[in-house]
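This is the structure I have questions about; it appears just below.
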Amino acid sequence: MKNDGQIFPRWCNTLAWASIAGLILMGGTMICLLAVVTRSPYLTRVDIPLEQPVPFSHEHHVGGMGIDCRYCHTTSEISPFAGVPSVETCMTCHSQVWKDAPMLQPIRDSFLSGKPVAWNRVHDLPDFVYFDHSAHVNKGVACRECHGRVDRMPLISRQETLFMGWCLACHRHPEGALGPREAVFTPRPPDQSEIRSWLQAHAGAPARPEMERPPSVTAQRLTDCSACHR
Amino acid sequence: MNSAVKECERVNEQISAIVLKRPPRRGWLFGFGISFCFLMVLNLAIGCLFLKGVGIWGINIPVGWAFDITNFVWWIGIGHAGTFISAILLLLHQDWRTSINRFAEAMTIFAVACAGMFPLIHLGRPQVFYWILPYPNTMDLWPQWRSPLVWDVFAVFTYLTVSIVFWYLGLIPDLATLRDRARPLWLRRLFGVFALGWRNSIKHWKRYETAYLLLAGLATPLVISVHSVVSFDFAVSLIPGWHSTIFPPYFVAGAIFSGFAMVLTLIIPVRKFYRLENLITDTHLDNSAKVMLATGLLVAFGYLNEIFTAWYSDEEFDAYLTLNRMLGYYAWVYWLMMACNVGVPQLLWFRKLRRDPTSLFVISLLINLGMWAERFVIIVTSLHRDFLPSSWGIFRPTIWDWATLMGSLGLFFTLIFVFIRLLPMISISEVRRAATEKRP
Amino acid sequence: MNTAYGIVAEFESPEQVLAAAKRVRELGYRDLDAFTPFAVEGLAEAIGFEKTRLPLVTLLSGILGACLAYSLMWYTSVVGYPMNIGGRPFHSWPAFIPITFELTVLFAALGTAIGMLILNGLPRPHHPIFNTPHYAERSSSHFYLCVKTSDSLYNLSATSDLLRHLGAKDVWEVEA
Amino acid sequence: MTPHSLTDLQKRIPAARGALLWKSLDQLANTPEFREAIEREFPVAADEWPDALSRRRFLILMGASLAAAGLTSCSRQPIEKLVPYVKQPEDLVPGKPLHFASSNVLGGFARGVLVESHEGRPTKIEGNPGHPASLGATDVFMQAAILQLYDPDRSQTVLHRGFASTWDAFLAALLQEENEWARDGGTRLAFVTGGVTSPSLRYHFRRISERFPNARWIVHEPACNLETPRVLPSVDRAGVVLSLDADFLAWGPGMLTNARTFARRREPGNTMNRLYVVESVPSLTGAMADHRFPMTPSDIVRLPEQISAEMRGATNPAAPPWLPPLVRDLRKHAGDSLILAGEFLPDSAQNEIRLLNEELGNVGRTVTYPTEALTFPGTHALTELASQMLSGSINAVFLLDCNPVYTAPADIPFAEALRKVSFSVHHGLYADETAEACRWHLPDLHALENWGDALAFDGTISIIQPLIEPLYNGISPHVLAAALLKQWPANDYDIVRSYWRGILANDDFESLWRQAVHDGVMAGSVSTPAAPPPAAPRAPPSPNPNAGSGLELLIRPDPHVYDGRFANNGWLQELPKPMTKIVWENAAHIAPATAERLGLHHAEEVDLIYRGRSIRAPLWVLPGMAENCVEVALGYGRTRAGKVGSGLGFNSYQLRTADAPWGGPGLEVRATGRMHRFATTQEHNTMAGRDLVRFADLTMYRETPHFAQQHGHTPAPDQTLYPPFTYDGNAWGMAIDLNACTGCSVCTIACQAENNIPVVGRDQVQRGREMHWIRVDRYFRGTVERPDILHQPVPCMHCENAPCETVCPVAATLHDHEGLNVMVYNRCIGTRYCSNNCPYKVRRFNFLSYVDHSTPTLKLQRNPNVTVRSRGVMEKCTYCIQRINFARMNARNQNRSIRDGEIIPACAQACPAEAIVFGNINDPDSRVSKLRTDPRNYGLLAELNTRPRTTYLAKIFNPNPELKNV
């Protein structure tokens, strides 16, 4: 037993350092992976359209036919809840057009049976978040700011992560999202000429009456927990 | 043959034998088995806790903390002896520390591990414990830095990490020794991996000792700070009995007090069992006992001081609290604490008792009990009667409170037994040196 | 082209190895090393290893920790998401001190430990010295002095004789 | 022990004939497995013990602890369904509540309510400001009604001999019987009803008795004394009020009005009134008194005579020393004084008091007497009826809205008698004890499910309109009455409406009717008092009935379960009793001195022996009780109240006899030595010498108005290391006037209803885990014989320097820019540190999973605008932030700022005395900032420099200077 002291071959020196580096690297990747997964569309469902009982196309109704949002989402200006159209609303047209299209069968069934259609909710905030459509709409936050260009969506899907961070980004600097009241329901951003004409309509009166805040509402208030959580 | 070599050989042989000799002795298996059962009790208690919620404990409003945080503070306190011995005594050139510091450090790590468990499991929603840590998240939220609980997290984590580093650094030369002495190749390689190829080069020794000294220098303020931070949990609040400026020093004293008590509780049977009387001599016990006496007196001063301030400040709430502690529902715990922490240590004035393992063992047990009682008194009696008499209440421990406490003991002793078996519980290299230096 | 690592002499007491080291160095040997069961007082200096830069590492990593800790707390509570906590100002510096301190110690400690290992070139499981005969069973009880082949005065026979003369019990040439 | 599920137990019930089935259920109810199963089944009695550790369960436990907790963080959100209406109702805006006026009826009398409805679910009941018996306030029963509506234990189907049957089957059976009754005019037919004032229903009853002229009508209201002549006091007109055992501020159909008007005269100043109360058991009215004299009932009975003697100048040594000054005070205020007689005093005393009021010239000024329309028909000759039923001379009984098997006096074998009757019908909300003994049981409709009407205490006609389709197959009393008139099919709406069409007989009926339904009251329907019926001549002085020694027994309705009808209501069960703060049970109250004399101890179980009957009850030593008497509350010890209410407390009806319904002398108390553990929310009764509730005499207040602020030392805002935080814009604050608060604790239950606060059950309360966000602290001060009784509602103080916030590690509780101390449930990790550091201990913690996720109906009740808290989360008063946000949204959408009084928290809205005021303290004109500048304003524990936003107005007593020395 001459060299009994030497229990490791020479290459172990390299191995030792390599393994240390490897461990550090692995830890790093794990953490990054976790961060990436939590922000991935798999969890946020951004751009992933949901299966619906009836493949309703906003592209067709909004983009194509130019129906105003409020025709279906009736309470978006007066209630926290924008409102989902009743089957009756669908039938106002579809009792005339496409009245026996197979894809509309569920609507007709529901209308006759009185059993409502259960849609899959796309923009679903946690139950402890209290979002108020009327507040945003009346202050000139356009639908597209959160819902995106619905006029280009055959099947509706989330355009934003709906992370708290995303809400805060806007609540910290609302001015970016505030626009003229008239442009709130236009699916695409208004161009200069439109804005000019609206401003003329407001000749004399302050340009954006809807955006004046009463003294009680400071900008910071928007980042208060109590603004959204109760 | 030269005596230096003989001395070294003797030390190497005696200590490494404990680790390398197999099969393990029956006594060890027995002790390990028992502690493992208690560990399973802990497992059960925590399982039930996660299923049902913290309501399985006796806590309520007003007593929102009871056994959980009591255990936490108690364990953290015990965890103070190790670093105190290995760091502060090192700086003070107390050479007698060499034969107990390794053991004390190990004990420290295990105690802190037990302690660290409680802040996690005492949460109402343990599944989101990581919200206390600062990491960039999708909510744009951060910890609330003014909260002593956040300070705790950092203090305990730092303490645990530094203790482990300190402990491992100390182990490296010994691991090398074991690597060289172990028989089967796989075992030698195993030790070899952790010995990092230590080869006793004098240059390495030089840097090694510098590092060791620097760490000691860092650990000294750390050990003071950790229990101060823990005491902030109470000191920065405004509850009478918590809101007190004397807490940091008197918590630290108490911590070292209980730490040494636990060291003795463990070391006395161990040295008997492994016949280490020649390494862990009565002088070691004597010195530890002296430290206990000193810190015990500091603690006693803390108690008196609290009573004095309550009377002198003329604060009706503090005054009431003090009386309530002495005469109220939990009076017996208070007097138990007084007896164990103020009365019993006075026995240590007698040299005979200090050098008599049996009596010292009993005393150290009583002190451990007393220090647990102290934390209970501070936490529960202060909470159960604070400002508004309308919301005064009583805390009654449930079986799960006890199970968790016993279980944490199980965890602690399981780790201790594993350590004794796998690693040298006495620093070979340091004892080697000491032995060679005082050879004829 | 020499494949040897150096000459390793085995002594049986710290005093001997210390004396030997001093003498060898006097004779002009520079590239030395010693292997002992514990840090023999003055041996390092004897072979010309004066001081280490470790304390500096500690200081720097400590400062780094302090800065990181405080700036993190300052940023998150003043810039990131300022919140009114119990009427306290956003930048309540006294509350930031404990964590700053803890992280200072943490970074300093880790810096010291890691620094020590790196400066020592550890881990290094394979090393020529382990080729020394009986190194395993003797390294933790015997005292070795080593003259490396790279030394300008290195000469197998001459150096070996010198070391034997200085009281070495055994002298080997250890291959690299 | 192997765990039983209810279904197992049901399997074990022999599927034999009905009678037997009930029997076995009763037996089961007492087996341990049954209780165990109940406890596991219903979170009301949630216990945290793990079930028997079967091997599998053991493994689960072991596994759970090893499971990595953090994984929950990145779990994928499940897809939620979105279900729109098929046809959207006209005036309904999804996400916005609607309010409807209706009425809540108790003991026959209506109190107007406004019911909040979310997408067709009634979720909250508020008072109707336009209703004279509510004035916008509510009492605990009105608040709890909403929970009763959704009670899953409500009877859900017609039962015949205990088996499910149908309405049609009943009609068929009825048809046969009817012909028989018609032959002899219903000689063998009897009706027992609860108090009924509904004009339309009474009209139908009249027509029924026309059809069966010989049928007997009996009114059975065990909790009120139907013989007392009704009195209408105008408390606000009285400068001096003397109450002889009358709890007029907290009991009875006019209570809300009395409390409101009394508080108006309570403003410290020249118009401040003075209240004398002579009573046996401390009542909330007694707690408000400037002079409170405990007295045994038998002595109170003799008091009117002594007063009149005193007034006539006759000296009677028997009179207590305080009487002469008291009478002098009354005479000084002749015309604006008022003497009120307790409901339970005998006729002689009632009459005497009425004469006194006449002599003082109070009649017509501070007190009027209602027209006869309000007094009930029939007597409550239950005894006679029972004997007739036993003898068989009655063989058909209808029991409407009453539960005599449980509530009948103990000397009436009613259950036995009922079982003898061949055709017995019970109509009620629950399949209760009486239903069990009847052949038929018909489920009643809840007031929020059917149309109806009723009279208020002052005769105001109040409309009851349904808020929701019947949840179960209930049958309206109107429909039942119609059935007895051979009118079916019928529905309550047509019946009620057509009745009023007939009454109003107005061509403009439609608009009148719509108005009445909208307002909840029939305009101008208050019955103006006719010439008061003459009082009977003064009777000769009666000897003291209680000449004999021994104790006196008092039997009284329970403040929260009433006569037992609310036993199954978790909110009411968990609402602390005003004086003792006991929950989930009743106790035998006794005076400290008496207890000491008899060698009895607090919480000791004793045998109460009265007229040869005995019950076992835990003893509660109550300061301020009159000596030598024991009070027990009715309404407990029920066997078939439901999952919540069965088997709680002891049944005091077992001591009740027909001739002495409210007790009397001759009680014997025998100690058992066994101790009882009460579930109470306040274990300590004194203030331990601390300045918590601050108070003064009117004279002292005149000298030093700022006395309340001189207690302790409140640091100035600048006495701090840190610069103070400034609040521009709104700054919410609350002021609570201790001088107005009666301690009725309706704020607590209103808060519970508004904020989805769970019921935790007796065991959890015993462990000190009640969840109420606002509690009413009760302190005794002074001697145990005649203590001052002080009440103090304690919600979150919303401290500006909140101690709770600085210690939270994750900023789950913090301030918003309007100074609210907000609690963010979804951020809370449950360290409980905030609660530990809260000096007021107003924070509540979900130690276990308290919310009932299993019962569907209970989900319907919840307020959609308040987060339902999960396990392990801290919660507390939010100043009703959902209401604040609602008001803010309205204001912002209209580009204006929030008006004062636009936001009313649930507690303030319910308060009868208007003691709680909320608003913007930055607005100098708001009511709350005016109150905060009041010299009486002080902050609780303000010396801790917490700078509370909730402040208190000190209490002022107005004692009679002449009575100082007495």
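The chains carry the letters A, B, C and D, assigned in the order they are written, with residues numbered from 1 in each.
The criterion applied here is as follows: a residue touches a chain if its C-beta (ideal position, glycine included) is under 8 Å from a C-beta of that chain, and two chains touch if they have at least 3 such contacts.
Just so you know, these numbers come straight off a predicted model, no measurement behind them.
Asks: Pick the pair with more C-beta contacts: A-B or C-D?
Replies: If we tally the contacting C-beta pairs, C-D comes out ahead.
Asks: Among all other chains, pick the one whose mean CA position is farthest from the mean CA position of chain A.
Replies: C
Asks: Counting in whole Å, what is the centre-to-centre distance of chain A and chain B, each centre being its mean C-alpha position?
Replies: Here the centre of chain B sits 52 Å away from the centre of chain A.
Asks: Can you compute the centre-to-centre distance for chain C and chain D, using the mean CA position of each chain? Integer Å is fine.
Replies: A distance of 80 Å separates the two centres.
Asks: Counting only Cα atoms for the centres, state how far chain A is from chain C in Å.
Replies: The computed centroid separation for chain A versus chain C comes out at 58 Å.
Asks: Taking the mean of the CA coordinates per chain, how far is chain A from chain D in Å?
Replies: That pair's centroid distance is 47 Å.
Asks: Counting only residues that touch at least two other chains, what does the list for chain A look like?
Replies: 5, 7-8, 13, 16, 38, 168
Asks: Give me the residue numbers in chain B that touch at least two other chains, ranges are fine.
Replies: Answer for chain B, listing residues that touch two or more other chains: 140-144, 146, 150, 180, 192, 196-197.
Asks: Return the residues of chain D touching two or more other chains; collapse runs of consecutive numbers into ranges.
Replies: In chain D, residues 73, 803, 806, 808, 811, 814, 816-817, 827 touch at least two other chains, as defined above.
Asks: Hey, which residues of chain B end up touching chain D in the complex?
Replies: Against chain D, the touching part of chain B is residues 40, 43-44, 46-56, 58-65, 122-132, 141-144, 146-150, 153, 233, 236-239, 316, 320, 383, 386-394, 396, 398.
Asks: Spell out the part of chain D that touches chain C in their complex, as residue ranges.
Replies: Within the complex, chain D touches chain C at residues 721-725, 799-806, 808, 811, 814-817, 947.
Asks: Applying the document's contact rule, which stretches of chain C touch chain A when the two form their complex?
Replies: Residue list for chain C touching chain A: 81, 123-126, 129-137, 139.
Asks: Quick check: in the complex, which residue numbers of chain C touch chain D?
Replies: Against chain D, chain C makes touches at 83-89, 92, 94-95.
Asks: Inside the complex, what are the residues of chain B that reach chain C?
Replies: 1-5, 8-9, 12, 134, 140-146, 150-151, 154-155, 157-158, 161-162, 165-166, 169, 173, 176-177, 180-181, 192-193, 196-211, 214-215, 218-219, 221-222, 225, 229, 232, 428-430, 432-433, 436
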